[in-house]
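Take a look at the structures below.
Each of the next two complexes has chain A plus one other chain: chain B in the first, chain C in the second.
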Partner chain A sequence: MSEVKNGISRRSVLKGAAVGGLGIAAGGSLLAGCGSDGTGALAFGARTVDAGPTAQLKALVAAYTAKTGNEVTYNATESNAFQNNLSQYLQGTPDDAFQWMAGYRMQFFAEQGLLVDLTDVWNEIGSQYADSYKTAATGLDGKQYFVPQSWYPWGMHFRKSMFADLGLSADTVTNWDEFLKMLDGMKKKGLVGFAAGDKGGWEAMGTFDILNARINGYQFHVDLLAGREKWTDAKVLDVFTHWEQLIPYMNPNVLDLEWDGAMQLLLQKKAGSMLMGSWFGGNFKEQSEADYADLSIIPFPEINPEFGRDTVDAPIDGFCVAANGANNAGGADFLKFAGDMEGVQAMLDAKDADGKSIPMTSANKGQDTSTYDAFQKEQLAVMDEATYITQFLDRDTRPDFAGPVVGPAIQSWFKNPKDVNKIVDTLQAQWDALPPLA
Partner chain B sequence: MNSTAMGSKKPHRRRAFSRADRTTLTAFVGVPLFFHLLLVWVPAFLTIVLSFTYWSGISISRIKFAGFANYKNIFFDTPAFWEGIQNNIIWLVWFAGIATPIGILLAYQIDRQIRGHKFYETAYYLPVVLSLAVTGIIWNFLLRPDGFVNGLFGRDIDNAISFFGNYDINIYVILTIASWRHIGYIMLLYLAGLKSVDMALREAASLDGATEWQTFKKVIFPAMKPVNVIVIVITIIESLRAFDIVYIIYGSSAGFPILGTLVFQNIAGEGASMKGAAYAVILFVLSIGPIIAYLRTTFKSDVQ
Partner chain C sequence: MSIDVELQAAATKYRNKQKIKDRFISLFIGIFAVVWIFPIAWTIWSSLRPYKEVRANGLFSVPKVLNLANYADAISRMELPTYFFNTALITIPAVFLTLFFGSLIAFVVSRYSFKWNVSLLLLFTAGNLLPAQLVFIPVFKMYITLGKAVGIPRLLYDSPWGVVLIHVAFQMGFATFVLSSYMKTVPKEISESAMVDGATVFTHYTKVMLPLLRPALASLAVLMTTWIYNDFFWALVLMSTDSKRPITSALGRLQGEFVTDYNLLAAGAVIAALPTLIVFFILRKQFVSGLTLGSTKG
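Our next item is the complex of A and B:
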């Protein structure tokens, strides 16, 4: 429990810093002869401490301050700690604007009245976004509570050089049989075929998502996660049967590695492929430009011809305004800037410590896709091929089900795949035991 | 609770308190009592109440009475609970059967002033200076797939020895780490106790021709009763409240379920539900039950 206390005390330290920052900022704007539009200084909470994204967000903050004169206090929290504390954070004295995710995870907090209605912001910047993003930003009451920043698809990642060595190409790995043949070829070469990690409890959810969508289709997947279908359905068992066929090609220490461990396997050329969200391209780029240039993504192969490759997990990250923040108007004004192409451009122009650009696929239509690098173009192709877009299992179902129930269930499946019947039984039993949503 | 039970059996003595005495007593007993109730028993009671509700931890107006639903869910539908119980029991058995006896043995040897006892004392005590969380961080650095030990064996992450991910051995890895600290803790407690044992007792025992083991069993150990009680209670509590090391190594995913992490997983973050409160109540009952029982029998025999 000391961890929790540490988290809180660090937060209150940050709070102290924020208050101090506000004081300084207020002094600053007084000297500057008052802020330009009266929205004033604000605090922003970043859900990352990684170098690349931090440089991007700081560039956004700097551009906003330069434009409006409003000082922004930048508070960063490590992603997992941020998520674990979010309920308490939003009910306490949160930063005015903060980084968050679209879908159920946003709707859940919007419904509890903890997020600020951003309909006015959308009225101004909405034309810069495709309708699907507006849908993802919309709460259950039909109002918008979220401004998108970026997206990334989940797909099969591999290294072009290794693919070429194995005599493979994207066109030769389009269905399940070809996929297994590919994995077999990698195994014969002494490689891990399908790099996997699930120590964090969420990583393998992506594999479940895509297998379920490929085998049983988008509608079944969505209905299952919403509780309209049963986990005990033979269709779900079929997902695990297919998944089990991949186990021989995985690294044996799936439960010992988190996502970054699996990524290391691909980075070090010990694994031939990995199912993951493309966000980790930034980590490859930090390693070296050559590694990044070698990285490639294709859609997960077709399993059931009826559904082809029509679905993709493509989570959207972005920003919300906390209702309990000190400056709701300031938070909304900041998000209007962050969502507008002007703010997006500031993030795209940001450079890391080595002066390299930081890859980002923006949700904003204004980002010229012709400026995309090769890997980003492939990501776009993966998106374009899909008819249906899902967020991710832990963004598409109830939070009290995804983390505490599905995560451990998949981990125990990895411990003993033969227990699958028992596991789906308890999944359904625990879904049935959930309290009715208020 | 036990001290009053004990006190009631003693013959009552009458004592007159002056007004100043009473004021002092009220201040010295009342103020700490107030804070104790406010900070310990009120939250404990509220946790018990919450364990009978459905609530996501956001806006109290949405709370709903759930009856025994959370407990029913835990006992009948949550396999992680039984895995957690199993792990906590193994933890307790290991601590009680291996770690604590080793600590006592070390204390006894060091107390006999074997050669280099000062060095051993410091060496074994050193880990106790570190918090459990720091212990977890250190061992995680050593044993994780890209850690020091795997590096030493020249193993890469694809063929690393799976200390934390292999469920046949990981509990023993975790317990070894926890014992690393626990042994030193017990040793120090016991050493303090041994120092206070009257030397005359030992001399008398050796004059009577008792062996070393007989001396320990028949003379020292019974004379150490107050320390023994503390050691037993600490062993039980440390085993049941285990959390830090597991949380540091496995995070909040409950990849290695024990009651402590199950409480956290179900009460922190977005997935918060009062199932977490129910886990906490179960943990509370399990911890306090055996301790009350043990203290009661101990003090009862004292009084007799």
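Our next item is the complex of A and C:
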């Protein structure tokens, strides 16, 4: 058996070499032939293996094939593996279209020439999207490289029933003083006020984002993450000062819990509130419809009246076309369909294994928001109140800075908040030491 | 008489002392056994509980439901046949090629004396010291460039053969080292008489050395199988299509983007570990001798 296999290996390698030696030109023209007619079969790389999103994407692919007759190969990869390997993936033999994120994470790869310019696609479907989405889809060179699919906001999540018990309502928690009063009330009742987990290193980035945006404003936040402002600025220290005020209301084991540990505290009614992205609502829904109906979101309270509640972290997920794919035009054609209301509707119509609809807040203006459930409507309200949308820290700054540097820095701050000066110094030093982008 | 009594007393004293010592050792071993078994037992325990219950009641709650539902779910979501086939497609050729090339080099460096044989052995062994994380970018670029040059982009990158080759390259150092140590224990006279009888180098290798190497090859094969089976890294960075990757990455399929159902993952881990466990129990003897292989001669 082994010898047969070895034989195949050696022979096919030799054959490959021979074919290549004979006809590099033939190979080249074959590829060109694929791309030039515009459509044709293509491969799509999904960045998820979760049941709900998979059902939606498969519905999208099926609708596209039904409409155009183009076969689509569906390749799914678990999201973390996909993300960690994206750089190699894009330089190697990527799928033609793939699922990715807006903002810096897209721009980073667009700058390296690994993504296909989708300006033509935007000329056709652009009218279906608000300007903020177009901005998020635009690279540093002013061209679009991304087609948005869906979004979710980060905000303060709580249970309506617990809020009612505490005599609170959404309009009584609008500024920092009221917020601290709320946390105090929860603590007196023996609850964790501000459920937090940061074992994964990314969870607490959301807290930093919103505090910085509330205290120092959108522009400073974006400039800081792009390296145009300094981490050693007194404004950054002010963020940590405010954050420190929240520590007494957090669960003591922040660094031992991942985000879902914090969520369990809220689910089990041991915690009164949690700052998180609304995507976790699916967990509540899975637990029971009653738990989902009890879940609610409000914007993070105002701190600096100059900025009010004008900014929200609302990561946008969507699609890109890989420049090294075999069929760029096919990939772009698929994305045009995915971004058009027709494709969006196919995703919205998808059902999960139990025949229930899968919640999705689409970026497309055409989605009928009257079909939103109560929680989705609240998410939309949070979104609508904001003038500025940020993508979340690890999507708004360099990938080699967010995960390897900011994550551990915040974790060490949790261990010893008094070290804050040393920590911001390290952050700035590490930023300065980053190699220039290729 | 009195000497007898004294002797007896000394013997009893010694026996008591020994008993206390034994108890200490047993206790010590017991503690270590528990420490080693705990994670495995906890994994199995977790795999029997539904995540929904853990989420609602906490990790240490008293279970209301214990069943094999996670296993059924894991088996259907992991697409086991595909991924086990991929693993076999990588592991089997890689192990055989490693042993083949490793034994060839070991044969030459240990049976023939020429100027560079020790340096050659050192070179191959030193290859072992390079961490995979350090060389994966150059390897990746090499595969891509080669594929482009030949006009077949998936010649090595995103192909099981590319992963097989890199495993062979990485494991060969260790295989060479172990096999050459083993060959040195084979008396020189055997080789000499083979040569006197007119055996060519090739006959010498196939007819004389290979049969003698069989125990070493068997235990090395077990070790190699376990290592290559457990690899996740190379398949991740050298392949872009998930459905071509081995079983270790199928475990990732049980992990959600945000939500990770650790109970389901535990069931998946148990399933993925089963084949190595089976191989281990079947070839236990070779495995143990494999661990001490080459430790007496070097």
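Everything that follows uses one rule, which is that the second predicted complex is superposed on the first by the 398 of 438 C-alpha atoms of A that agree within 3 Å, B and C clash if a C-alpha of one lies under 4 Å from a C-alpha of the other, contacts with A are read in each partner's own complex, and residues count from 1 in each chain.
Here is the rule we use: contacts are C-beta pairs under 8 Å (C-beta built on N, C-alpha and C of every residue); 3 or more make two chains touch, one makes a residue touch a chain.
Everything numeric in this text was worked out from a predicted model, so none of it was measured.
S.K.: Please indicate which partner A:Thr77 is in contact with in the superposed arrangement: first for chain B, second for chain C, both, or neither.
M.R.: A:Thr77 contacts chain C only, not chain B.
S.K.: First (chain B), second (chain C), both or neither: which does A:Gln91 touch?
M.R.: Both partners.
S.K.: Check the residue A:Asn251 against both partner chains and state whether it touches chain B (first), chain C (second), both, or neither.
M.R.: first
S.K.: Is A:Trp259 touching the first partner chain B, the second partner chain C, both, or neither of them?
M.R.: It touches chain C, and chain B stays clear.
S.K.: Regarding the shared-chain residue A:Gly282, is it in contact with chain B (first), chain C (second), both, or neither?
M.R.: second
S.K.: In the overlaid three-chain picture, which partner chain does A:Gln268 touch, first (chain B) or second (chain C), both, or neither?
M.R.: both
S.K.: With both complexes overlaid on chain A, does A:Asp50 touch chain B (first), chain C (second), both or neither?
M.R.: Second partner only.
S.K.: Considering each complex separately, which residues of chain A are in contact with chain B in the first and with chain C in the second?
M.R.: 1-3, 80, 84-85, 88, 91, 264, 268
S.K.: Show me the residue ranges of chain C that touch chain A in the complex, using the header's touch definition.
M.R.: These residues of chain C touch chain A: 52, 55-58, 77, 92-93, 96-97, 100, 140, 143-144, 147, 149-155, 157-158, 161, 164, 236-237, 240-243, 249, 252-253, 255-260.
S.K.: Quick check: in the complex, which residue numbers of chain A touch chain C?
M.R.: Answer in residue numbers: 1-3, 5-6, 9, 12-13, 16-17, 19-21, 23-24, 26-28, 45, 47-50, 53, 75-81, 84-85, 88-89, 91-95, 259-260, 264, 267-268, 279-280, 282-283, 286-287.
S.K.: Touching residues of chain A toward chain B in the complex: what are they?
M.R.: Touching chain B: residues 1-4, 80, 83-88, 90-91, 105, 108-109, 112-114, 192, 199-202, 251-257, 261, 264-265, 268, 270-271, 399-404, 407-408, 411-412, 415, 422, 426, 429-430, 433, 435-436, 438 of chain A.
S.K.: Chain A touches which residues of chain B in the complex?
M.R.: Per the touch definition, chain B meets chain A at residues 54, 56-59, 62, 64, 66, 69, 72-73, 76-80, 83, 131-133, 144-146, 156-158, 160, 162-167, 243-244, 247-248, 250-255, 257, 260, 264-266, 268-273, 275.
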